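The first chain written gets the first letter, and so on, giving A, B and C; residue counts start at 1 in each chain.
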């Protein structure tokens, strides 16, 4: 594996899920693999799970880690080609990326979307600049439109907790007071398709995801109908793709409550976290026995570890 | 030892002090104990000594360390049970704590008091939430009302520098321009009692600490009287417990000067740091030969190391 | 080597450059040297290259690293002798430095100039306080007037890329919209003199550097004239030394363009980064085949590693 920024970088997603599961069974089994190797983590945005689980994964492989909160501990990066840098940006990504790359063997980067410029966001301008200017492999720690480490952890979670061979999975939009990226949802669809999952999307009218990701997947605009017979319910807010970045405030009743969950086939509940309680989902669902959210977060470590190990050249 | 959040967690405080002293004599003697173990440090508030000494302690035990400045590098945590999270809080402590716990074997947390709500502060709501929701042991890096790592370091310092078997120790309030917690003072009283120290508290009228901590200890409202025959003078400001969080600005003459120290039995001077020079204590005292403040800070490493080693199961 | 804060600390600069080059050829050759040793990095100002390259260097020597962004994760330091600390400063450097020193074996510190008080800046008040109050060796991560780790990396870069025994090096002032320190330029002159380089300074009238550093070096106020026959062009902005801290906005044509570079002897281009593109230097120069800026940044790792190894007592 060269980079890990989308499912296109993964030859065999099922095998990668199995490998992550194998690492989970014995996290230090490859602790010599990363010896004398350094992971650089570059954050253009806040992070909790990704920050800690990816560090943990690196330690379990024996790697050293450098963490850079770039705008906080450093300065603002310029990304525009040909910019005359007489404003607030102090360093161009064309310098910053190859420079940081020289201090590490693998570089992770988190770069959220603007949610104001669809074209730029969906072209993944910043992530692509990192890829273009880095001589070392790039791992996405969530980019403008995708969050593949989250999806790999989600696929592992489904693998571990499914009760039937081909469970019905419903990805449902949920309410949220702020404009959120579409990245987790987009990525979840990519990976679910690649894994051959039986997946349905539920969202209010006008809140359809980009056809590039939902193509071939049934989209239902009635949440109750979609939840029928679900084995897994994955709740996630996203802001509008069509009216790009707009917050949908008309569907507060899309909150996942015990009543909604009662319509399912005793579905297990998933969310990538952080989650706003009693806005996205009720306390009773999150605190109930069918919630998998903590285990999903746990699996972030083994997702990251599998990716790092593969990039380090592990063939087993 | 399961957690380390107050002296109640410690079976034998004297033995723990002795163990810290033993580690200090050879800091790397247990460098294999923490192999493949990770310490997570969660800061809800600023930290210098605690941050660095606890990391150092972990390294000396061979542990890996994850540091999370949660509101700075992540987001604001919600702590209210049943909250409808449509405001600024982005993640509930009920998710954040078990999630972070999965990335480490021991979790440290720093959570300062509000100093506006006595009931909430003294119920240690945030610390208790960490304990409740964490599957791994919790170490207090200073909570709303206690700072046991500081006190353990203080007890070690007294042990090292005492010139008589049962020295007279005076904990004296000192002036300060901002509202400070009572945590260091509360904890110092708990530990001094447990160690069987001869301890006296000096503070202005109206500035008495919570009876839960001062019970059984003589409280003197005349600083000069209290200082007589002192072998150790521990200076520390705290805001009012009774008029909760109020700053006492009427007693600037409680500053510890050479004249004050001259009333003692050539007492050694202690303070937990950071200290405001020439407000809490004069330069001449801090820079004099009887100041122990730098050594106290040094002992923070061995206090943390002793606690980590015990939680990791060291029995020696 | 005791400290590393200026070239005065270096017995034989040429030998140190050679040693850095040797480390670069096999970065892990001394990976046992730093075992059980801790490097503390204290940042009073932002940092990218220095932060990451110095950590990397320490890891390659087997050291542990503590990073402290002091005003961000801790609090404001007081530096004035005798200050009555009833304002915003919460801790005096006389406590902070010896305390942090106890948690590490070598301490690095970054402390930028005020650019408002020449006397204080050029007395290196803060750096000197670190040296005075630290029982462990101090490494400058850029101080008010010098940046020796950068210069050591620059000397290594020149050593690697020079095509003639005694190349002509031009240090040229370049435009910049903000007031920048003179540190990189001062240091570069110190080191170039010590290495016996053929060096010329070009800057607009009124922008001369301190005579303490430029003494014995030809200063030319016509950039075109200075660039003639140059083998290396080192571009760098600095604010005025004479009208201390003033920004010079009258010389935007001092930007390094391909036309300017065409006047040289096919000179290789150097800059310490971060650089403002199309203000200090044109894209075409930075992206051209003669730019060494990325390699300079790479050499920061080996400069730091050489210094750490020498301070750790390596004699080879």
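Structure notes:
Criterion: a contact is a pair of C-beta atoms (placed from the backbone, for glycine too) under 8 Å apart; a residue touches a chain by one contact, two chains touch by 3 or more.
The structure presented is a predicted model; accordingly, all values stated were derived computationally and were not measured.
Contacts between chains leave no pair untouched here, as each chain touches all the others. In summary, the pair subunit A and subunit C forms a contact in which the copies contribute largely different residue numbers, shared numbers making up under half of all those used. Rotation angle relating subunit B to subunit C: 120°, from a CA superposition, given to the nearest 5. Centre to centre, using the average C-alpha position, subunit A and subunit C are separated by 39 Å. For subunit C, the set of residues touching two or more other chains reads 72. By the touch criterion stated above, subunit A contacts subunit B in their complex at residues 28, 31, 43, 46-49, 51-53, 55-56, 59, 69, 72, 177, 273-279, 283, 286-287, 293-294, 297-298, 301. By the touch rule above, subunit B contacts subunit A in their complex via residues 36, 38, 40, 64, 66, 68, 70, 72-75, 78, 82-87, 89-92, 94-96, 98-100, 102-104.
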